[in-house]
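Each remark here refers to the structure printed beneath this line.
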Amino acid sequence: MVRDTSQEEPAIRFQDVNKSFGDHVVLDQLNFTVNKGDRVTLIGPSGSGKTTILRLVMTLEELTGGYIFIDGQPLTHDLRDGRRVELKEKHRNEVRKRIGMVFQQFNLFPNMTVIENIIEAPVHVLKVPKSQAITRARELLDKVGLADKEHAHPLELSGGQQQRVAIARALAMDPEILLLDEVTSALDPEIVGEVLEVLREVARTTDITMLIVTHEMQFARDVSNRVLMFDSGSIVEEASPEVMFTQPTEQRTRDFLAAVLGD
Amino acid sequence: MSEHLIKLRDAWPQILDGIGITLVLTVGGAALALVVAIALGLLARFDNILLRGTARVFIEFFRGTSLVVQLFWLYFVLPRFGVELSAIAVGIFALGLNYGAYGAEVVRGSLNSVPAGQWEATTALSLSRTQRMWRVIFPQAWALMIPSLTNLLIQLLKGTAIVSIIAMADLTFMIDKLRQDTDTFFAYTVGLLLYFALASLLTLGMNALEIRAKHKLGRGDSLRSALSFSSSASRAGKGVA
Amino acid sequence: MNSRPLWDWDAAWEVLPLLLEAFITVTLYVTVVSSFIAAVLGLVLAIARRSSPRPISALIGLVSNVIRMTPIVVQLLFAYYIFLDAEPLLIGVIIFGIHYATYMSEVYRAGIDAVPAGQWEAATALSMSRRRTWGAVIVPQALRATVPALGNYVISMFKDTPFLIAITVTEVVRAAQTYGGNHFTYIEAITLTGLIFLLSSYPTSLLIGRLEKRLAYTN
């Protein structure tokens, strides 16, 4: 397997991706790329396959067909001698280390304190010395505005605070790609703002590639440079946020935006 | 009655020895059962049909063939294969294998009850299989399994009484000796109360473990503050089939 | 070493009828009769605890707890020595019934607690008698969900019946032990006994597991 991993490789490339659950086809022959440093927001009605895309990149779901490449490297499947082969768990794990994810339900580990959550993977996966991991974790906690909560238990925190810890935990792995899966959907409306503010700051101060699924259109507009409109497992329209949110070409996009923006 | 009490006082050192044997059987059996339960419970979750199948056969076999049969098999039949175990080892093995098989189902069920999001987060952080199980999933499942393990522990304590039939001088045996010196009603009332006290102590200990495990997950008081107004209602040993 | 073969088919065929006889006349007999006693007595205990004044209900609770948390072997011996004239099998049936009644009453209690408070209130609003409320409203609703748990205790009891050895009842394990002792070979008799238990308890627990799932869906 010889692959070109030069600068031109996109951060993420979907090639002929199929995904179905039983008879239900979720993604149908999907092709798209995300370049390094891109902030791509996926929008579309629920059930259109947006979240499935994120979960496929994180290897939380198995591909039914096709390939996903991360920085030119195959993620779970590869084409060898004309045959599609499944890659070993060990290989997946190596590629996966470059990807971080923040979940809708936070998924902090309740058996660990806030700081233990953040240093867990750096210390045990990346083998960073513990003292160094702690220093970095404190910086990140400061960045998300929770410097005083390092010894708290996750369940003692509000939803917004838990989600900010989850963001710090994902960033502690220094991911090249960050997946944000409806990160504000489980939060009360009045605390959505504090989480989005943290993410805006991350977008402003880093060059991490981001793939975002969200219902917060203003946030999508602020942070992303590309927006993909999905429906029934395919891309309906792709545009910059300025164009997508003001003059979309497709009727389906207009209908969807009218519904979510309440115009 | 007072002469009975004097007899009881005279027999007390022997009864303590009996309690000692009963506790060795209980603690030894429980330790083996815990190892068996975790090993089989983990194996039973594998995708590999061979590993999972082996675990299932073990679990169903040791749950399905009755404690006394296993005890007798180890005691009477195993020597035919050249393996002679001491009576106490036979007791510990039979109790450990039998209750371990029940415990395996508890372990498996508790691991399955840890929310899917926790597994997904371990994948997103690239934790290895071992790290994922022992650092994240198992500590959470542990808190879930303690109440059922407490019930099994009480069952195991009760199960130790049968080993007196393979000539073990446990508490049941000593109570029968006391009966010969006093009378049935007195001796067996003392016996039942002693077993009840042992069961209550074990339950209290397990409840303390549960409080600690829950506190570690950020739920409920710490053990220290829970003890400060010690109100641990003893939970009864609910059995399992 | 031993000159006998490890497994003697003749001995196996010889002992099997003896084992099956003990299995049917004692093991199954005790399981069936004691289950019936436990199911009825357990319900009586559960209702008595709910409808008695506090001190009495607390006393029933304490006694049940002591019975549930102490070895059935000790209870069997206790009754055996107290009623030396009684048939050991009869003592076994009654003690198993009482011991498991304390478990089953917990199952019923949970079932009764699960009946919504509105059902009690509706019965009161209709001026139904206490008796009628229990019999026509509460118990029928409480019983349904308890069936699988009660079934699991029946299997539990079935596998506990060899404890009857302690009071000289010739159930299947004792039959095996006696044969083994007389013929100086235990392997056939005890292995067959294990198989008999396995073959009868495993399918039954599968059946109860399915019943449990079905009830879970329909509720």
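Letters are used for the chains, namely A, B and C, taken in the order the chains are written, and counting of residues starts over at 1 for each.
Quick note on the criterion: a residue touches a chain if its C-beta (ideal position, glycine included) is under 8 Å from a C-beta of that chain, and two chains touch if they have at least 3 such contacts.
Nothing here was measured: the structure is a model prediction, and the numbers come from that model.
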| item | value |
| --- | --- |
| Arrangement of touching chains [line / ring / star / complete / other] | line |
| Of all other chains, the one whose Cα centre sits farthest from subunit C | A |
| Length of the line joining the C-alpha centres of subunit B and subunit C, rounded to whole Å | 20 |
| Where subunit A and subunit B are represented by their mean Cα positions, the distance between them in whole Å | 45 |
| Chain centre separation in whole Å, for subunit C relative to subunit A (CA means) | 55 |
| Interfacial residue positions of subunit C with respect to subunit B in the complex | 1-2, 6, 64-66, 68-75, 77-78, 81-82, 103, 106, 151-156, 159-160, 162-163, 165-166, 173, 176-177, 180, 186-187, 190-191, 193-195, 197-198, 201-202, 205, 208 |
| Subunit B to subunit A touching residues, read off their complex | 115, 117-118, 120-121, 123-129, 131, 135-136, 139-140, 216-219 |
| Residue ranges of subunit B in contact with subunit C within the complex | 60-61, 63-70, 72-73, 76-77, 80, 82, 154, 157-162, 164-165, 172, 175-176, 179, 184-185, 188, 191-193, 195-196, 199-200, 203, 234, 236-241 |
| Complex contacts: residues of subunit A adjacent to subunit B | 58-60, 89, 93, 96-97, 99-101, 103, 105, 107-111, 120-121, 124-125, 153-156, 169-170, 173, 179 |
